[in-house]
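Please find the structures below.
The same chain A turns up in both complexes below, where it pairs with chain B and then with chain C.
Showing the complex of A and B:
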């Protein structure tokens, strides 16, 4: 009793036909995908003219994006700071925080919600930009020192690098928002550009370069400031419910 | 300030006045509390005072702006005195003693503990089909004190639930929205659900909200699972029964399919049943029919020749009469007659070969061989009866071989067994020559066979043993009890013999038994064998063996030719017969 399902020639025919059909289907799929105009990824045209055929993000959207970005930045800084506190300051007083003087302390920043609300939009925007600008180099230095030290794993140094990139991106974004606001007439022309000469080097009160922990502590505070300032600014620029 | 006290070998750490905590609810104000500790004399209000310092610009120490009247030992900092992102240091001092009992530094955003969310409620999402589980959606509102709309505080929430009065709370992941669904709750169980919140990217959770009770009564499902289980069980049992019935009904076929029969070994052309139950002659015929078993003896034995005696007319007449006589004698089966047992060849019916009629054989057929007093024609005598004659004959036999027959070893043409064909009244066994089946192997067997083959037919002088001895030239005479009992199925008798041509001329002593006209034929080699008259051919000669031209069925047919019988016992022929035979 033979158990073969088909004779050799028949089996050969079957296999050949199956292979050919599969190949044809594959060719068809590839052709469809390639020739389908909708599936092709093409770059969108640059929106030179606003509302014509191109979706221009509104100011609210821009603000939302920027705020989200700043929230992520602050979260990153908080994580890094917590790691530092865990490994380097085991004895942590629940309500005791040692006073540290940051290099950005010279920048006058509103220290409360009402103070920030009372501040002019241009000044608020300028403060934000100043803060972000002040942290460009120190964050780069932080990443460099963390990468060289063997105390930190690569994960932490990557976080520091990402933090630096985020700050850079955020600054660019805020500048775009400010530009947009200026275009829309919401901002006056009193916003002065930040001069590179005003970049400050992080120097502690003792004159030494600040340690990594102090840098992280200061940056965590400043990122929180930026986040809150942006929110206040958005609330003031874009009238929303109970803002 | 700590004070260590040893009481009954136990250390108690007693604390002096100290801050018990500072908290901010909405990141706009904050409060601080302190305790007098063991110093009970400082519990009156005003004994301890709080001073704070903001480290912005190294301002001087200021006293607490507001000592809460309703709450004891609380210092409240309102919005104007609260600065976010600013380090505060507070001190607990006893002004009277000018002692600073405690100091703490912090920043306000790090001491924010939001208020619990409000408006916690739940809605039923769905109930499982079995009615045992259900899902709920829990909703809440952010604490009113937190300014989430502006985004001054971005809160994340954590929902916890447990079975009522259980000690372990189940914690869900942090949720930034104001609703969350809980899956997999059991009906008929009461659950407690609560929620709390904290600022995102900060670690301080606020207080829990009030718990709510979630409970869904179990709806008795109308369709019970019992019949389904029963149906399933019955279905499985039915299928099993069907399978068993199928197997038992188709047992044979299944056995063939699963356990195919192993083919038994087969030999081509041979029926195994016949092998088991067939008779010996059938077996012999079968085996002889196989080509492989059939040696080509005819070609190997050149000396096998078949002597045909041509008879003259009168000889023919005589021959016919002789033949008839022979046949008649044989048929009568009475005493002193050559007994041609045509049925002696039981088992060798197909193996009749034309045996060369030895002169001795022929001679032995002649009458005159008296000396036998037995009535039974087939009786063979013991060799001891005629010893001396045999001696003489032996010598003579050896000297005169038959011309036609080259001297061949006697064993070539011998049968190796004999079949008992009859019994003598005396109790002897009369043997019939068996089939010449095997090649000559055993000399002794052949000897016996040769001796056995002689059949004392007549009651005349019979020297079967002598002749046997003589026939077996190389074999020393060894008379045995069975020697005398031989059957003599065939006689190489031909017409010529009766005419006087004897192929056997053994000795002078035998000559008296021979016909006077018989020329001294060359003595055949002392081979005792026998032949059976097969037929009478056209030339009226008795064919004792099938001619060589015919295909011999019996492989040993060449062996079956008549051995040279130097002296045929004369007892085979009655004197009457002899008289008839002689021309």
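Showing the complex of A and C:
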């Protein structure tokens, strides 16, 4: 009797069968995964041929996107500000801390929940847009000055640049939301477009430009305001389980 | 005077005790639970031994107006509570605490506070943990509610929740982030153990709340079942089994060869496997037995001397034939004992016997013809019924018998003195005969035409009565063998071997292929030929009795169906086209077969 139980052809057959069964198991696993309804991910088609076959984002979706954007923006500003404080200011509550008025202090913003809830939707939307508009140029300046100064690393200057872009994007988004609301009849026509005169340059009382730190400080606050206002607006217009 | 002295005494009292102005207080923390109100706590310094009062003052950024804390009581000692009206977001508060006692006051360090960034919500409420039983195993569902004060409904504040679980004995907690939802499913908990659960929350930009009170939950006892894994394993193994089966099926021949190697069968000539399987071992072994091997020699017979008995009466009876009688007479000269008498003697004896074999050598059990003498002796007395040499087939159909005598080499010398010499007899043509009588079984009826070979060995002249015998043979034969010429010479044959069908395969001695036998001529075997097959193979019958007994192997059967009667000898015709054979059987179908006689 031959001692080799596995002739070459038998070995080939065994290996083939093993490969086949492994492939079958892989197919099974994929099938099982696909059967799980929670794992399904659906994507919206690109609206290339008009609104007929398109998945038009609803107002709720728009609001969600905008709010997420503002949250991202605020976190960026927060990071930059704390970075500044760590490296350039020895103590948080230093006596010598001089801060000037933010250039956006002329914009009347509600400073409490009730005040914010008292405002109409149109006014609230307008405040948001004003704020965002006011920061377009100062952020650009901030990035410029941070890039030039060698104290900052490239990472911080990139953040500043990103922050500026985000603000721009957010403004666009909020404008779209306002447009949608106007279409839906939620907004009256009292919202006026921002005039170029609204844009202010951050010039302090003493005439000097604000320092980077002050800019960051002011921007952090304003981004927080924007985020809060947007949330209030959303929950007032679309009261969902998130609110 | 009295008043001055009282005041002086009091002052002196203070001076003697050792009091001083209060120490500097310190603001420890300010917190807002819902981003609508906030509270500040301070830490008093040394009080200086005198009752000290604390006052909190604040002013907003970019404003010089100083306000005092509106509420010292709500939040407890050393605290200041700012209600909704006094709280402004996104505005820096500059807060200081002033400690005042009789001897002086002290002002704390100022603290900048922006309410939007000091939010720390209250703990979540109504934490409940429930065991949910499902197919895949039970799990714990923890649910809670938001802190009452936090207003998430209007979107003013957004809370993120977190819970942690551990067993009583564990040191570390297992933390899970629940996001904004107010429930969480905890899986993979150990069965039959008690767990502790706690929950806390945090605003999107702020501080974590305190952990809730511990909630206890007990997991039931269960056996974890992972069904999907078992399904996969089962299907996998089924696949493997199916493919292996198919592979084995395709390759079953080689697998069978591998696992069950063919058992080599027995390779014995004459061994019949079927017989063995049927279980009849006797028959199996019987088939192995070669007829006439080993040659059993009746030594008694060997020692018996040849005796020629001449009887006038018998002679007259016998000598009816023409030539034969002459020969017989001639051969009967007592003086000529040696000269071929043996061979001729056999003839004469044959004639004398007048087919005495009809009586049969019943006593003869041997196959060999050594008992021929005895049979002669026994049959001598039997009637010779007018057997005409010329007509072997007498009316009564008796087959002439030519007893042939073989002798073994050992007792050969015994015969030297006598006339008997070992003789090889050619197998005469088997004539179609029907005779109720059987020659004594072990006689081979042979014509021998010439025995030139034997001459030298046995010193016996060849019997040259062939012609007469031929003539003798052919006369009166009813059915002479077709194609067999009368002048056909007879030859000595030798039994080459016995094939499994119990047939003696004969070979003529003149065959050049035949190997010289040496001194094995001594043995002479008689066996009765039953039939000759188409291939000129003689089927020999082993008769052990007068009766035709069917104790042979397959083909042998009594052609006659009369058990009490001896079998009719059947004479067959051999094919004429076989010159090699040249075998003829005379008479009762006895074949003179020369078997290799080992020297026993």
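The rule is simple: the second predicted complex is superposed on the first by the 181 of 243 C-alpha atoms of A that agree within 3 Å, B and C clash if a C-alpha of one lies under 4 Å from a C-alpha of the other, contacts with A are read in each partner's own complex, and residues count from 1 in each chain.
By definition in this document, a contact is a pair of C-beta atoms (placed from the backbone, for glycine too) under 8 Å apart; a residue touches a chain by one contact, two chains touch by 3 or more.
Model, not experiment: these values are computed from the prediction.
**Q** Under the stated touch criterion, name the partner, chain B or chain C, that contacts more residues in chain A.
**A** Tallying touched residues of chain A, the top partner is C.
**Q** A:17 contacts which: chain B (first), chain C (second), both, neither?
**A** second
**Q** What is the contact status of A:9 with respect to chain B (first) and chain C (second): first, second, both, or neither?
**A** In the superposition, A:9 contacts chain C only.
**Q** Touching A:218 in the superposition: chain B (first), chain C (second), both, neither?
**A** Neither: A:218 stays clear of chain B and chain C.
**Q** Go through the superposed model and pick first if A:119 touches only chain B, second if only chain C, both, or neither.
**A** neither
**Q** Just to be sure I read the superposition right, which of the two partners does A:226 touch: chain B = first, chain C = second, or both, or neither?
**A** Neither chain B nor chain C is touched by A:226.
**Q** Applying the document's definition of touch, where does A:28 land relative to chain B and chain C: first, second, both, or neither?
**A** A:28 sits against chain C, while chain B stays out of touch.
**Q** Where on chain A do the contacts with chain B and the contacts with chain C coincide?
**A** Touching chain B in the first complex and chain C in the second, residues 1, 71, 74, 78, 93, 95, 97, 99, 105, 109, 111-114, 221, 224-225, 228, 231-232, 234-235, 242-243 of chain A appear in both lists.
**Q** Once bound in the complex, which stretches of chain B touch chain A?
**A** Residues 19, 21-22, 27-28, 55-56, 79, 82-87, 89, 104-107, 109-111, 147, 149-152, 154, 200-203, 257 of chain B touch chain A in their complex.
**Q** Name, in rising order, each residue of chain A that touches chain B in their complex.
**A** For this pair, the touching residues of chain A are 1, 67, 71, 74-75, 78, 82, 93-100, 105, 109, 111-114, 221, 224-225, 227-228, 231-232, 234-235, 240-243.
**Q** Which of the residues in chain A end up touching chain C in this complex?
**A** By the definition above, chain A touches chain C via 1-2, 5, 7, 9-10, 13-14, 17-18, 20-21, 24-25, 28-29, 32, 71, 74, 78, 92-93, 95, 97, 99, 101, 105, 109, 111-114, 116-117, 221, 224-225, 228, 231-232, 234-236, 239, 242-243.
**Q** What residues on chain C touch chain A, complex-wise?
**A** Of all residues in chain C, those touching chain A are 35-36, 61-62, 84, 87-92, 109-112, 114, 116, 151-156, 158, 180, 204-205, 228, 232, 235-236, 239-240, 243-244, 246-247, 250-251, 254, 258, 261.
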